[in-house]
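These notes open a run of structures that come right after.
Two complexes follow with chain A in common, the first pairing it with chain B and the second with chain C.
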Partner chain A sequence: MIRFLQNLDRRWIFLAMGLAVAVPILLQLRFPESVGSKARDTFAAIESLPEGSKVLLSFDYDPASEGELQPMANAFVHHAASRGHKLYFMALWPLGSQKVKETVDAILKPHHPSYVEGRDYVLLGFKAGNEGVIKVATTSLPQAYPTVDGGSQFGEVPMLAGISNLSAMDLVVSVSAGYPGTKEWVQYFVSAFPGERLVSGTTGVQAVNFYPYYPKQIVGMLSAIKGAAEYEVLVNEKYPGGDGKPIPLLLEGQRRMGPQLTAHLLMIVLILLGNLVYFVTRGSDARGGRR
Partner chain B sequence: MRPRTSLVVMLAGLAGLLLVAWMRPHGMGKAYVRTVEKSFVEAEIAPPIGADADETPTIAWLAADDPRLADGEAKAVAGRAPVGWTEHEPVTATEAWETLAKDPTAPVALSGRDTIGLWFAAFLTLAILSFLLGDNPIYKVAESILIGVSAAYWMTLGFWSTIVPNLLKPLAPGAVREWALPSIPADATTEWTALIPLVLGVMLLWRLAPRGGWIATWPIAFIVGTTAGLKLISFTQADLLAQLSASVVPLWVTAADGTPRIGESIGNLVLVVSLISVLVYFLFSVEHRGIVGGVSRFGVWVLMITFGSAFGFTVMGRITLLAERFGFLFDDWLWLVDPNGNHDPAALANAAAVVSALSGA
Partner chain C sequence: MKRSIPILIASLSGMVLVLAFFSPRTESWSEAVVDWFNVLAAIAFILGAGSLLKVQLVKISSRSPGWAYAAITLAAFLFTLLVGLFKVGTVPSDKFPTHVWTGDYEAPQATFGWIYLYVMSPLTATMFAMLAFYVASAAFRAFRAKNLAAILLLSAAFLVLLGRTAAAGFLTGWFPEPLEALKLDNLVDTMLVYVGTPGSRAIVIGIALGVAATSLRVLLGLERPYLGGGGGNG
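Presenting the complex of A and B:
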């Protein structure tokens, strides 16, 4: 057995991992989620704002991170729209603008048909310049976005009237996959307006880097798919779809936690087996060496 | 497992899934679109009633069906032709079938272009995954496509999101308005300050010339200087001062009524001890012996826990990416699962005749 494990072809492990991820998806397995404090704080940050507050959502990601970030982006938009907030969408990543449109089409238009573009939400679009865009927008939003997505001039959009810079926002939500993203929002927005509030939804890879910012510089934080699933639970509990059931797209994060469980169990088993093989063979090698 | 065996196992599994998907009554791997005609006219919008007498009309692009045009509140600018195009918005199969069942003449149809795109995306996903079996020509093809498309995409993006709006538009607003961006106001004037980035850009490209490459060092110095200045302030504010402030926490936390908060107190204690021990570990001017050595070793443990946590998060992220790709294959392509109701067989049953007539099935 030890010899078999020692010489196990890595492709068997790939196959096992593939099955561990595929089977829960095919069976559509979901498991209960216990909600942590960061997801609660994120929920509270949007929930505590009075109706009609201005919420800026910055989609700083692309399809490569969609698996982790799209579920939380969907939940952010549904939650904010359910509270009746004004939504300002922007993107620091080129394809973030495309993700904004997809989210608006999938969540805002079908589930919040009363939302009118220009009055209740606006697509500012992508602007090249990375953190420079935030820096300029903290001084002058019209200078950063002289025209919005679709070509209208800044001043022609009713819900942009009277907004001079980012301090007019009641909350900024950064859905971030890397640079530029949450870190730049902390550095150039929170530092410029220390009283302003920032919420972050982030990939697992960079989550650890943002923990020091929580809870003083970032008031709420969703880390990876686990954070998305927890937040979905809170949003679905309070704001289900029209038929009283959760909107299917707002179960995506929870659905992706099924494969997480099985894949993690497999990894734990593999780590234990690997260590077992290592220690057993090290012992026998040492004995062989003494002989 | 030999490479050939693993290839056979993979192909057999894929063929099995394809067979199951193919035999299902509503099929698999089809993409539908809704055709939408877009038309805009440049119009003069009259100032609102009660506005100052000297206020001039606003000029903006309005949708051709904008009620203000019919009401006379806005009128098309003479000599400006309307701008129009056709968009094909993706719709789910369920939405398409339901629409066609209600109205067979609705502008919703099976899209050959998007269907081919869907199958190509599935092929590329499998081609990249095939690297798990070992390097192979199919993987190389997919990798080359990715690199080529990415390079072309970034070049195009750089042109349209930077060169055109940040350089050409301020230098020649009239020409750019006629050529590419009709939303530029007709009265926009030339911003001569844009010549500075133009000159710097030319100097930067000078490094490609056979002689005078040193000229490129000046714009590079400009970039380095401005970036350093920008980063220095932001890092000092957000990552030094704010973090110092956040690290000064009470070690004994009590509620307003004086009740001790044990959990929060322990959390703060761990934060302070971890911070000090890691800082001591990076204190290289003192020999790590005695108390300093002990604290430093504890700092190493704290770092190891942090790295482990980061690795755990990374693993979680990678598994999510795999789950997302499998979700694409099983849901969007093979239609084996339908968590979001995107290809509901009941909807097809209602529209079966219409759909089969339109798709030629």
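Presenting the complex of A and C:
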């Protein structure tokens, strides 16, 4: 057995991981989620705003991180729209603007048909310049976005009338996969307007970098697919779809927790087996050396 | 002169941005600098594309190992550039239905949008998803409890791996109220808040001090990595 494990072809490990991910997906396994304080704070940040508040959503990610971040992006949009907030979409990543359009098409248009572009939501689009865009927008939003996505002038969009800079926003939501993202929003937005509120949805690998900012600079935080699943539970509980059932796209986070569980368990088994092989062979090597 | 002018521009731009952060009167100056940055970044895109073309063409013409990949890169680059620039397949906008070029090149009906949706998006997602397989292989071959530090690292890894899934509920969800703090998800939170966050804070503060020191050297022209050659005092 030890010899088999010692010479284990990596393709068996790949097969095991493939099955660990595929089986729960095919069987549509879902497990109950216990909701943590960060997801509750995130929910409260959007829920506590009065109807019609201005919420800026910055989609700072691309398809590589879609698996983790798209479920929370969907839930943010559905939650904010269900509360009747005005939605301002922007992107610091080039492919972020595509993600905005996909989310609007998947969530806003079919499930919130009363939302009209220009009146209830606006796509500001992608702007090159990384944190420079935030810096300019904190002093002058029209200067950062002289035109919005689709070519309209800033002043022609009804819901942008009277907005001079980012301090007009009641909440900023950053869905972030790296640089530029949540950290830059903290540095250039929250630092410029210390009273302003920022919520972050982030990937697991960079979540630990944002813990120092929570809960003062970042008032709510969702990390990885677990955070998305917890937030979905809260949103689905209060704002189900038209038929009283959760919107299928708002179950994605919870659905992805199934493969995550089996993949994590496999990882633990592999680490234990690897160490078993290591200690057994080290013991026999030591005995062989003494002889 | 060839070095002095870039150093002067870099120092002035940096100083303006620092000043603008502290004085509201100079905020508009920083906006001008950021505008210039955007203009230069646009030119850098052209330079980058030129460099990509040059490198790939050299590889192809010299038939160096992997030249076929260079040919694929080049073909994909040129095809995407052209269909984007000429808005191939776009549907005219509602405002100007007779003008084809008024269409959105990112829309799924446009060839550029189609490439994003059905080539770029699945490819990048696949690359990221493949990490799971390599991490699994590494878990089996590399994560060894060789010493105390490795044991601590592995223990933390086990806690997070279990605590961030439904396993936490199955294994420790039934713990009574007095043992609430020992539930796996609470243990993970405790570890992140009381161990991870202070460590992260220390690193962030250290990095910030380093960045401040390096930035000061750049502003004073002592460090000039933007001129190439690795910077330094030379």
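Heads up, the rule we're going with is that the second predicted complex is superposed on the first by the 291 of 291 C-alpha atoms of A that agree within 3 Å, B and C clash if a C-alpha of one lies under 4 Å from a C-alpha of the other, contacts with A are read in each partner's own complex, and residues count from 1 in each chain.
The rule we apply is simple: contacts are C-beta pairs under 8 Å (C-beta built on N, C-alpha and C of every residue); 3 or more make two chains touch, one makes a residue touch a chain.
For clarity, every value in this text was computed on a predicted model and none was experimentally measured.
J.: Putting chain B and chain C on the same copy of chain A, do they fit or clash?
T.: Superposition result for chain B and chain C: clash.
J.: After the superposition on A, what does A:66 contact: first (chain B), second (chain C), both or neither?
T.: Both partners.
J.: Of the two partner chains, chain B (first) and chain C (second), which one does A:212 touch, if any: first, second, both, or neither?
T.: both
J.: With the two structures laid over each other on chain A, which partner does A:286 touch: chain B (first), chain C (second), both, or neither?
T.: A:286 contacts neither chain B nor chain C.
J.: Touching A:267, do we find chain B (first), chain C (second), both, or neither?
T.: So A:267 meets both chain B and chain C here.
J.: Touching A:248 in the superposition: chain B (first), chain C (second), both, neither?
T.: In the superposition, A:248 contacts chain B only.
J.: Just checking: does A:276 make contact with chain B only, chain C only, both, or neither of them? Give me first, second, both or neither.
T.: neither
J.: Please work out whether A:2 is in contact with chain B alone, chain C alone, both, or neither, and reply first, second, both or neither.
T.: neither
J.: Between chain B (first) and chain C (second), which does A:156 come into contact with in this model arrangement: first, second, both, or neither?
T.: The answer is first: A:156 touches chain B but not chain C.
J.: With both complexes overlaid on chain A, does A:147 touch chain B (first), chain C (second), both or neither?
T.: Only chain B is touched by A:147; chain C is not.
J.: Tell me which of 77-85, 95-103 or 257-265 in chain B produces the clash with chain C after alignment on chain A.
T.: So the stretch of chain B colliding with chain C after superposition is 77-85.
J.: Considering only the contact definition stated at the top, list the common interface residues of chain A for chain B and chain C.
T.: Common to the two interfaces on chain A: residues 14, 17-18, 21, 64, 66-67, 128, 132, 135, 204, 208, 212, 224, 226, 260, 263-264, 267.
J.: Which residues, counting only chain B, touch chain A once they are in their complex?
T.: 1, 6, 9, 58, 60-61, 89, 132-133, 157-158, 161-162, 166, 181-183, 185, 230, 234-235, 237-239, 242-243, 245-246, 306, 309-310, 313-317, 319-327, 330, 336-337, 339-341
J.: Please give the residue numbers of chain C that touch chain A in the complex, ascending.
T.: Listed in rising order, the residues of chain C that touch chain A are 27-28, 30-31, 34, 37-38, 41-42, 104, 106, 116, 120-122, 124-125, 127-129, 132-133, 135-137, 139-145, 154, 157-158, 161-162, 164-169, 173, 185, 189, 192-193, 196-197, 200-201, 204.
J.: Which bits of chain A are touching chain C when the two form their complex?
T.: 8, 10, 13-14, 16-18, 21, 31-34, 36-37, 62-67, 95, 97-98, 101, 128-129, 132-133, 135-136, 139-140, 143, 150, 204, 208-209, 211-212, 224, 226, 257, 260-261, 263-268, 270-271, 273-275, 278
J.: Using the touch rule from the top, collect the residues of chain A that touch chain B in their complex.
T.: That would be residues 9, 11-12, 14-15, 17-18, 21-22, 25-26, 28, 64, 66-68, 94, 105, 126-128, 131-132, 135, 147, 151-153, 156, 184, 186-188, 190-191, 203-205, 207-208, 212-213, 216-217, 223-226, 248-249, 251-252, 255-256, 259-260, 263-264, 267 of chain A.
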